[in-house]
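Consider the two complexes below, in which subunit A is the common component and subunit B and subunit C are the respective partners.
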Partner chain A sequence: MSRQLKGRGEEADGGARGRARSGSPGTGDRSGRRPSRKQAPRAEGAAAGRRGAQPGQKERAGGSPRPGSPRRKQAERRRHGEELGEQGRSSTERTCEGRRKRDGRASLKEQRAPPKKEKEVPRKEEMWKRPKKHRSPSLASRPSGVESLSEEELAQILEQVEDKKKLIATMRNKPWPMARKLRELREAQEFVEKYEGALGKGKGKRLYACKMLIAKKWVKFKRDFHNFKTQCIPWEMKIKDIESHFGSSVASYFIFLRWMYGVNLVLFGLIFGLVIIPEVLMGVPYGSIPRKTVPRAEEEKAMDFSVLWDFEGYIKYSALFYGYYNNQRTIGWLRYRLPMAYFMVGVSVFGYSLMIVIRSMASNTQGSASEGESANFTFSFKMFTSWDYLIGNSETADNKYASITTSFKESIVDEQESNKEENIHLTRFLRVLANFLIICCLCGSGYLIYFVVKRSQEFSKMQNVSWYERNEVEIVMSLLGMFCPPLFETIAALENYHPRIGLKWQLGRIFALFLGNLYTFLLALMDDVHLKLSNEETIKNITHWTLFNYYNASGWNESVPRPPLHPADVPRGSCWETAVGIEFMRLTVSDMLVTYITILLGDFLRACFVRFMNYCWCWDLEAGFPSYAEFDISGNVLGLIFNQGMIWMGSFYAPGLVGINVLRLLTSMYFQCWAVMSSNVPHERVFKASRSNNFYMGLLLLVLFLSLLPVAYTIMSLPPSFDCGPFSGKNRMYDVIQETIENDFPAFLGKIFAFLANPGLIIPAILLMFLAIYYLNSVSKSLSRANAQLRKKIQALREVEKSHKSVKGRTTVQDSEDTAKDTSKNATQHQLTKE
Partner chain B sequence: MGSSGSRLSKELLAEYQDLTFLTKQEILLAHRRFCELLPPEHRSVEESLQIRVSLEQILSLPELKANPFKERICRVFSTSPARDSLSFEDFLDLLSVFSDTATPDIKSHYAFRIFDFDDDGTLNREDLSHLVNCLTGQGEDTQLSASEMKQLIDNVSSWARPGSRREGQGLGLTLSLPQILEESDIDRDGTINLSEFQHVISRSPDFASSFKIVL
Partner chain C sequence: DPKRCSCVYFEVDLNPTCRLLGGSASLLRLYHRFRALDRNKKGYLSRVDLQQIGALAVNPLGERIIDSFFPDGNLRVDFPGFVRVLAHFRPVDDDDSGMRDPKQPEPLNSRMNKLRFVFQLYDLDRDGKISRHEMLQVLRLMVGVQVTEEQLESITDRTVQEADEDGDGAVSFLEFTKSLEKMDIEQKMSIRILK
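Here is the complex of A and B:
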């Protein structure tokens, strides 16, 4: 049955083609659309009617500027697409021939119903206009089989229109000169417009027209939006200047910085929009409760600049820090659940950052799917892809020439004698020594920080401490970050690595240094937090007794209720969360200042000195010793990444930190752009950026994860302070979620959540996830194995093909030229299958 | 900025946006920059679309000035019979291919044509040595010696020759040199054609990011 149906369908198809062919000879299309079951029985009548349509068709076609052009164009396009002038034509011809054969069958049936011809013409015209969309309902309602024929044609036209649209959409991918593209585009658009307008009738027509209009508007809107988006990207010109001066590697830092700025803007919007602004607008005003008031003891110095600079005084008791927030469940007339919002924003800051980092990593890797294969093409890569087309500065270009030459020479030498170890024992000894020294440095810096943080805790208990003693931690950390990397570089000179490998080691060591410093800092801070937590109980008692004594004190008129104790006088705990937030805030600010001062001293003053003292100096300063500074990409990127890590860690306890960071990134964009253009010189060894791009992203992800850990630890296992912050009075911070579920959601939801939180469910879920990871991993492994096997197969096949070809001799030269024109990547495969 | 009053028509702009990888602003900027190259009396829109700018003027653009392939780039994109001048549309084509959003396929297609110095559809020995000369600059000290050059090019072509001495690296999808060329003595060293070239380029991690010119 099905076969029969199919056969009939083919007939109908053939009929359609027959007509189509007679309308525009010599061309064809591939609308191999199988009619549905309903249609099939009517196919005969349909085939008959098709002839009838012919005159009308022709007339209509004659009226248009280019009769029959759509199909011819389509064929043409196909040919262009394949880019094989000769072959393409022959293939179309072949298909046409096939069709002619089938048409032979169909034409028999066409002849059976000649009398219908004339009267069907007008109907035909109408049907022509019916859109595809309405096909099935109209089919069902229609009595005769005549009309289903036009559906066929309609489908064809629609298909062509779709083809044209596709062509329009992909035109820009064609390597044609603009004039030709314009011509093709105009033709295609004309066609689309002509037939699009003709498609549809009555209600359907209007609907169709509407749809098309909306589609057009949508395309236009998308394009405008895209234009708008690109216009909104800031600093394009600055980055372009840097690109042309320093090549893409230095510019990649600035692009990274800009990206970071965007991410921080989003975080800033989240935190300010959902936490700080609601608190400022709707929360209890300053001075109404103890946590929002400067204590009496600090009051007189609270506005001093030196105090404010340390984020103490009024700044400490402001919405910038955790401690200011009240634990009232809802605030304002909106009944905004601030503690809940605070918690959720804290979580979503991490969620968003994770998502965006992973997304950009994924989009970076998409381009270069095959990492492992790059080793196969070292020479061709050096040849074909080593030039950086963005370079527009002759000095940079010279450097680039030099570096390319060196890399060529190097690779030749490598090729000649890849194993030229002179004194392997000495090298090994030196490398071990260097690593030992560096580990010593790392340990030393870690201990130094621990020591300093401990000492600062003692200082904080003392009354009058000097400026240095107050800021010792930040200063020491910044100094370590400033002087250790050059020290590492000096030590690394011992190792005698290839510069590229050396750079990797250097990056790894700086990363370890920063990470070690950060974590030592955190550990010391954690000690402090625990200390404060243990003191909390006593302070709680003191507070309680103070209030109790105050209200129950004798000698007060019982009839008049006593005015409440002024909030500034209430004794309160140390609020470890705010203390942590302040530490991060100070660290960020001092880090920023040290960076700027380093740039100013190390780059700008050095450049000035070299530039102007060169006239009266005994050696050539510009070429000789100090010379100009190069832009330290890796150091800067790492600094940026760690700064971001601090922001992530601190933003939960200091919501204002992100705002500070946005300012910092903004200023550093301008400042560093200026510094790099004014006082740096292009790199001696210009290396490419994109390769390390994902490396930096990976580091960022790692730092994000590492900064997530301490925050998650404090949220999950430390009790919040009893008298400050949005979670005060709770046992744990995450209790706020449970509270919301219990009070604000219907009971069954609470049950569901309780059920979901059951370990009996979570453990299987985690197991399932592991299994899924395992499964996906094995699938990807097997796929890559299959990939490798296919590659081997192709190779083997090509060997066979070659021997084959050599027999055939010159005749196959033509063949290889054909493949040369083939744009598809599987060109060789095509060739094979052809053979 | 020259002829600030002259703007491209909306329809033309829309078409250009359809046909290139450029945004509206980029097209307008390109037009402005192009007009700056024209003599002042020819700066109306109609004329700027018709007139061609000679190679020397295009090469004086700061974006192209330091590029060793600047002449090749212009020649490849030129549609004039003598291949020595660019119309505005050619200029747009150039910028589109070198723009950030262009697909790697089209970039590598044009890269091939740029490297194909003799326009014969394949990269042969002469093309490759020409390419190396371009990459190493004009200075005496940076130029490679003849033997180095030969070795380099042998290397570049030898990954393409399975069974040659670089077997360790020659695995993977080695590019087939048409062996027929060697055997029939047409070209002993073999050549690289477009599909092979695109195959190599598609493996390169940083081609698409460096094959860029921004106005």
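Here is the complex of A and C:
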């Protein structure tokens, strides 16, 4: 009994070893140093698979090709895909095909594989001693007997079924722990149930066949469903198409765009579902109160297109903007607390965005942890594996040539950069100069915007301003955004940085430009808001007096109450919130238009010109000066991030802004896809997409944080307008929470909240948070340091090994080479004799 | 019965060939492919037949791959030979690895043999080593004229330096396998033959 137990333990061990050994080379490589990574999991998987043969089987039938760790493989594949540029599409196609095909085989495998596994169980010990005798028959019969079970296999299964039955009968007597007994019993029963049918004649066999058919169909259905799911990913094919032509770096922009679209869709659902639709359905209708009516003075022009285009007129007094909402505590028969909902949605827009950005950043970091392993053999990898053998299209092949060339060029640049000795003083001087120039540019553009915004405030007071004067701010900002980046790039040429570092600097500078612009714009806007706030008191008095005079005017019959003043005639404040919302709305729209026009003129018309004028031009336009445009990844990504920042800032004051943005992202997905495919050429400089992706996310996080600040400031420290918006009449916007707690919650909850809001509790909580951050940060730092050290150790080990080998000289290597050759010759001879 | 079928076609014992591919269905499929490539129905393939495959025509190493179909300077390859080359690309079955008899020759689709196949593409003179010269030639095929000779040489030097462990200035098969240790060859060099 104890012998059996021991045998069982040994069997797992032996199985693993057997596998490892049999995997080791029959043809070459005497050193026995084989990719151990591949082997170990498989051996484990096999050992585990024996204990739970059925689950393992199912998994394989489900299509997982190998029980290796999937994430690692994925990472590796992705890395490889990056190196190869266009492999992505073809390899997915390949796996698709492979899967479709595997369908058919899976069921057969399922039917065939268990016997083999099970057969090992009772005979492991003998097998370890003389493996050949027992293994060879199955080996010989297996490959040829794919279509049906051979006689021999049937006999084997029969034997095993008998074994299992015997095991079930004698289970009671085994000296095993109960858990194991139960497990074994269940396994044995399952096995018997499964294979008894296969052996029987007539009904049993038909039942078995039916079962197999259903299993097959099920696998096929799962596969189809998986394919269907892949097809359901929006724009997947478009992006793959672009990736195959332009490499993963350009595709990364479109993936980012798609991600952004998803985030905006959620925000859109939040705002529309919880704010706009309830207001439209249940709120007081248009024209009933002053804030929901176009004033008398604007009424005439309120429907003109030029007015609507500026988001004035009827659009201004619609649910798209803050001012339209009423400060009623509850609306409609649902008693929906709209002001509360408005506030909470405004907060949760930021909350959700923060969460999603940070989560995707974290997942990106996890994915990139396994990178850096391949640093040892960059050139070998490129040399031996860069061609994608599935490329059959000559255009794609040309692209591939180009990408291989560029990747080699890049590696050379890296190499040269690492051992470059230059005039350090000159370089330093040039870099300082370049930075100085760029800072000058940034300051200049910042001042220009400030100046223009100031001027626009003047214009807004005047009547009869021209179209240019009205849109000066937007035009100037768009022009700056168009011309500064190329200027920066020109200046950056002075610096002589490595291209990758140069790109990051470039990104940082454009980001600073955008941010500076945005913040100057915000400051000017804030001035405007303060101006309006200071006027508010007088307007409030005017309103009061108008109403007072209206009702107490002389010459009216005192006995009949006067009809209420028409809402359009009531004088009202300037409602700074709506003004801010309109400003963001305009900026978003003009930004979108400028982007589209730039693409049309700069890319499409240029491409048309180059393409068609090339026939009758003095020099080669395609290869020479204008040539075709490249896709500007950094500019586009930053534009997207910047735009998103405006959405975040503006959505509190213009709930409709997110809707506009969703439309914008949708159109720009199609438009830019088309523009890229029709009028751009692939990049000269291949840069790794996945690494810079987190850089983009970092920028996005920064923008999110920065756009949170002004909104939080206005909510916390500015009084809302007295006659518009859901918070009118309150001292501060956040008072709505207090109000809700007081009126709608039981008293003790109010007390609890009051306790929580106590500074004596908040400050320790913040301190605690800081401590936690500090602790986690130091832990992660030490871990990463340990990681780096380990990596260094591996590197050092490799170096030592290398030098050791080269010292040892050629003789040993020659020996091993010879033996390798011998074995390979043997192998071929074997093949020949078999033939 | 497809198995019978394939035997009738050739009137030879195709069982070993069959075994190479792991199934007669794929063999049949492959045979159809073979016949499609064989334009004049001559019963064997010549270099020209293979050169018309699009993916090989655009492949910088296409000629080398075609070479590997014609070992020992033959000018024609018959169906068994064709299958023997393609058997390298058979996917590795999960359940294969443990069950193999160590005394038997390693199947053609093992990792080592896949690697050896690739190695031979680079090893022009078949001396078991990829010399600097051979590498330079391949590189020239791969990047064309857009890179200067000097840069090409520096790339080659770097590659040799990276992979070379015994300091003989060439990459042996052993060193080759080592440098591609991380590569998922089993996955990448697998073609599933549709049924």
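Convention: the second predicted complex is superposed on the first by the 492 of 835 C-alpha atoms of A that agree within 3 Å, B and C clash if a C-alpha of one lies under 4 Å from a C-alpha of the other, contacts with A are read in each partner's own complex, and residues count from 1 in each chain.
Keep in mind that, in the parts below, a contact is a pair of C-beta atoms (placed from the backbone, for glycine too) under 8 Å apart; a residue touches a chain by one contact, two chains touch by 3 or more.
Only a predicted model underlies this, so the values are computations on that prediction, with no experimental measurement involved.
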item: Which of subunit B and subunit C A:Phe381 touches, first, second, both or neither; value: both
item: Touched partner set for A:Arg172, first subunit B, second subunit C, both or neither; value: first
item: Touching partner for A:Pro485 - first (subunit B), second (subunit C), both, neither; value: neither
item: Which of subunit B and subunit C A:Lys240 touches, first, second, both or neither; value: first
item: Which superposed partner A:Ala397 touches (first subunit B, second subunit C, both, neither); value: both
item: Partner chain in contact with A:Thr405 - subunit B first, subunit C second, else both or neither; value: both
item: Touching partner for A:Lys181 - first (subunit B), second (subunit C), both, neither; value: first
item: Those residues of subunit A which subunit B touches in one complex and subunit C touches in the other; value: 373-374, 376-381, 383-387, 389-394, 396-397, 401-402, 404-405, 408-409, 411-412, 415, 802, 805-806, 809-810, 813, 816-817, 820-821, 824, 827
item: List of subunit A residues in touch with subunit C within their complex; value: 15, 18-19, 21-23, 25-29, 31, 33-35, 38, 42, 46, 60, 65-67, 73, 76-77, 80, 97-98, 100-102, 104, 109, 113, 116, 131-132, 135-136, 138-139, 142-144, 146-147, 373-374, 376-381, 383-387, 389-394, 396-397, 401-402, 404-405, 408-409, 411-412, 415, 801-802, 805-806, 808-810, 813, 816-817, 820-821, 824, 826-827, 830-831, 834-835
item: List of subunit A residues in touch with subunit B within their complex; value: 168, 171-175, 177-179, 181-182, 185-186, 220, 223, 226-227, 230-231, 240, 243-244, 248, 367-368, 370-371, 373-381, 383-394, 396-398, 401-402, 404-405, 408-409, 411-412, 415, 688-691, 791, 794-795, 798-799, 802, 805-806, 809-810, 812-813, 816-817, 819-825, 827-828
item: Footprint of subunit A on subunit B - complex, ascending; value: 14-15, 17-21, 23-26, 62-69, 77, 79, 89-90, 92-93, 96, 98, 103-106, 109-111, 115, 121-122, 128, 131-132, 135-137, 139, 142-144, 148, 151-152, 155-156, 159, 162, 169-174, 176, 178-181, 183-184, 186, 193-195, 197-214
item: Contact footprint of subunit A on subunit C as seen in their complex; value: 2-3, 15-19, 21-25, 53-55, 57-61, 80, 84, 91, 94-95, 97-106, 108, 110-113, 116, 118, 122, 128, 135, 138-139, 142-144, 146-147, 151, 154-155, 158-159, 162-163, 165-168, 171-174, 176-184, 186-188, 190, 192-195
